[in-house]
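Reviewing the structure listed below.
Chain IDs A, B and C follow the sequence of writing; residue 1 opens each chain.
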Amino acid sequence: MSSVLLEVDSVDKHFGGLHAVKQVSMQIRRGEIVGILGPNGAGKTTLFNMLTNFIPPDNGRVIFNGQSLQGVKPHKIVTLGIARTFQLCRPFVGLSVLENVLVGSLGPRVRHDGLGDRAMQLLKQVGLEAKAHTPSELLSYGDLRRLEIARALAAEPELLLLDEPFAGLGSSEIEAISSLIRQLHAEKQLTILLIEHKLREFMQLVSRVIALDFGEVIAEGSPAEIVAHPKVIEAYIGKQTEMAVHHAA
Amino acid sequence: MNGFQQIDKLSGVAGAAALVVLAVAPLVFPGNYLIGVLTVAAIYGIWAVSWDFMSGLTGRENFGHSLFIGVGAYVAGVVNVQMELGPWWSLPASMLLAVAFALLLGFPTLRLKGPYFALAMLSAAVIMQRLMLIFWEYTGGEEGIQDIAPLIRNNLHYYWFVLVVLAATTFILSWMARSRWGLILRAIRGDEATCLAAGIPITTYKIVSLVISAAFAGLGGALYAHYQLQVSPQLFAVVTSVTIITMVYVGGMGTIYGPVGGALLLTLLTEGLRNFGEWRLMIYSLLLIFILFFLPNGFIAPLWKRVRSGWGDRA
Amino acid sequence: MEILIYGAVTSAIYAMLAVGFTLIFGVARVLNLAHGSFYALGAYGTYVLTSIVGLPLWLAALLAIAGVSVFGVVVEKALIRPLRYSQLGVLMITLAVSLVVEQALFLIFGSEYRNVPAFIDTKVSIGGVDVAGQRLLTLVVAVVAIGALYLFIQRTRLGSAILAISQDAEAAKYMGIPSDRIFSLVMAISAALAALAGVLAGPFLSVQPSMHLLPIVKAFAIVIVGGLGSIPGSILAALMLGYAETLVAYLISTSWTEIVSVLATLLTLVFRPAGIFGKRAAF
């Protein structure tokens, strides 16, 4: 079993005149938690969309577990072992919290007995056990994030893609979700790839950072290296984001 | 615990009780008139339940349900009158053809977002109606196909037969709606993209539920043909689809059992409105507008839920 | 030659219907199933005002069109707007409206065909073919009307506002464009176009209460092929469909014309769901 779980090879994407992702390459090893950093518009979500074939790349390949994802239909991606969350939490309106997680486990990858028990277990792990029968559209933002994570985990993935898991949360919530992610990573031997632009929490969570700007990789390294990297600083100072705030704090 | 809703005892008892009441009613109030009305109501119930299973659960509203009904009815007519086969052959034949149409129409339209499915079904039903008129040599044109043989000669026994079919349909589809199938359909209604991300082949599920919906609708169509003993292009009319959708709204979308009540209620209402003659359809349409504005969750299902929780408090 | 002219006339009518339908969808994301009713009311309105009330034809036509416009705006404000959160709610309510209108017409006028007088009774000869003047008039008016609409949208400020909203309703609101009022305006235009089609085509197409259904089906087919929300697409598709139907009517038989729209719709949905100029691919 190779140590490289996900290999991204020069993927490229144009949207009309906009060159959203420019020849991005990266290798994600089993068991890592890797962060993708970049200001808004840097192409991060587009990249995620290409990793899950929601949008096929114009050029380049995505190889997961030695298998090319080209031509694989979006709903089959989960079967291969990749699960993702979305930037804007999208619960299944009209379904309870428990039902939401159940749906996540209905793909062919998961054993079919005891689904309900397993779903409750997941809810316990993310701390939503008490709200199992609440209609999911009534959840607070923080709880929705937990639900997203539980739902993604219900498919028992090897690779978990988290799209801005801290967006819209207050600092104590961020702390909680962050430690949740760490805990789940340890318990379930997941490989995690996450997108964020909030630096501080991100830095403590990930072992490696890949920085994007305008669709291309501008730097790669440990969190400490990235923070000091001239190109990264340039990309951020130009846009006045939380980086300055967090460093001051 | 496997996490899915079950049909609980109370609902089961209530359903059985309702069935008994319906079966016994014509004995208490004898006369062919009541039997006729109840038979039609039961058939509408089958149509309404079949519509609810697909559109009520997934939220992809099918505006051309009358197509499957008409196809089922016409197949019954053709099989019985033109092919001169025994009347019982209609039932599987109708279901088969309805399924074929569902596949034909569902494939191109259900993989698309937006209103394409609803409109395509609407157009298809209208066009089928026109086609029945255009190819009048085969279909009998305006007058349709006459002299269809009944399945069971005794009206009362036929009514009971239809009632059994209704009960079976409601039970089967209710059960499916509460199983993981129904969960997936409701998730599709909630958010299709997230379903894909969770590994669900949504188009397949949508098409299959349309096929199931069509099969039961076609069956109802055949039953109707063997009741009326004739079929006409009117069956394909938009009005039929709208009537059924109204019944589902009144009953409670997505509940499966609600539409049965809706069908009963509205059929009885229609009979009561017979005195208004030509105004009937007008009143129906106005009723629909009223319901859309004031009762989007229906009437029957919310009522039942309230009765239930009242019961639960006491228990 | 006959085919050339008749095809053009058919296309013209279809174009008027389709453009209105696609306009209100492109701008307000409303699928107005009552669109056919505007067509019907245009024809019936003219009939009533001229044959019963006795007004001169041109006046009757104008008033009918104006009346239908107002009706359209009323329907939009009172019935459609409250349900805008649900696209299917809009479909249901507009369908219900179309049924109410159909029933009302049936109750008032009965189901026999009515005669809407033509503007031009004489036949005109073009290229050796005798064409009813009314049909030619229809063609000319349609071209003028759609041309005027095009100029309106491209050249006036109001037109730019309409374009802006159709591209991004939220952004347009932030720019201070009064979307709600524009929706009403667009509805009025849409209804007027449909009514105009009814007024012009009434004399040579059937006028009876269920006349609203076929236009909707045709309009739907056209906007699918042309692309939902695209006016040039609708015009092009209207031409294609109009000529295809005319050809089929001449070469095979009039009964088969329905199949054309069915086939066109099915083929488009299977191979190119966005239509010719569709900017929003359906998936």
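Points to keep in mind about this one:
Basically, contacts are C-beta pairs under 8 Å (C-beta built on N, C-alpha and C of every residue); 3 or more make two chains touch, one makes a residue touch a chain.
Not measured: the values here are computed from a predicted model.
Here B is the chain whose Cα centre lies closest to the centre of all protein Cα atoms. Ranked by separation of Cα centres from chain A, the top chain is C. Mean C-alpha positions place chain A and chain C at a centre distance of 48 Å.
Between the Cα centres of chain A and chain B there is a gap of 43 Å.
One inter-chain figure worth recording: chain B and chain C are separated by 32 Å, centre to centre, where each centre is the mean of the chain's CA atoms. Chain B makes touch with chain C in their complex at residues 59, 61, 63, 107-109, 111-116, 118-120, 122-124, 126-127, 130-131, 134-135, 238-239, 242, 245, 278-279, 281-282, 284-286, 288-289, 292-293, 296. Of all residues in chain B, those touching chain A in their complex are 1-4, 180, 183-184, 186-187, 189-191, 193-202.
Within the complex, the chain C residues that touch chain B are 31, 33, 79, 82-83, 87-89, 91-93, 95-97, 99-100, 103-104, 106-107, 213-214, 216-217, 220-221, 224, 228, 255-256, 258, 261-262, 265-266, 269-270, 273, 282-283.
On the side of chain A, the complex with chain B involves touching residues 52, 54, 73-79, 83-84, 86, 90-95, 98-100, 102-104, 106-109, 113-117, 119-120, 151-152, 154-155.
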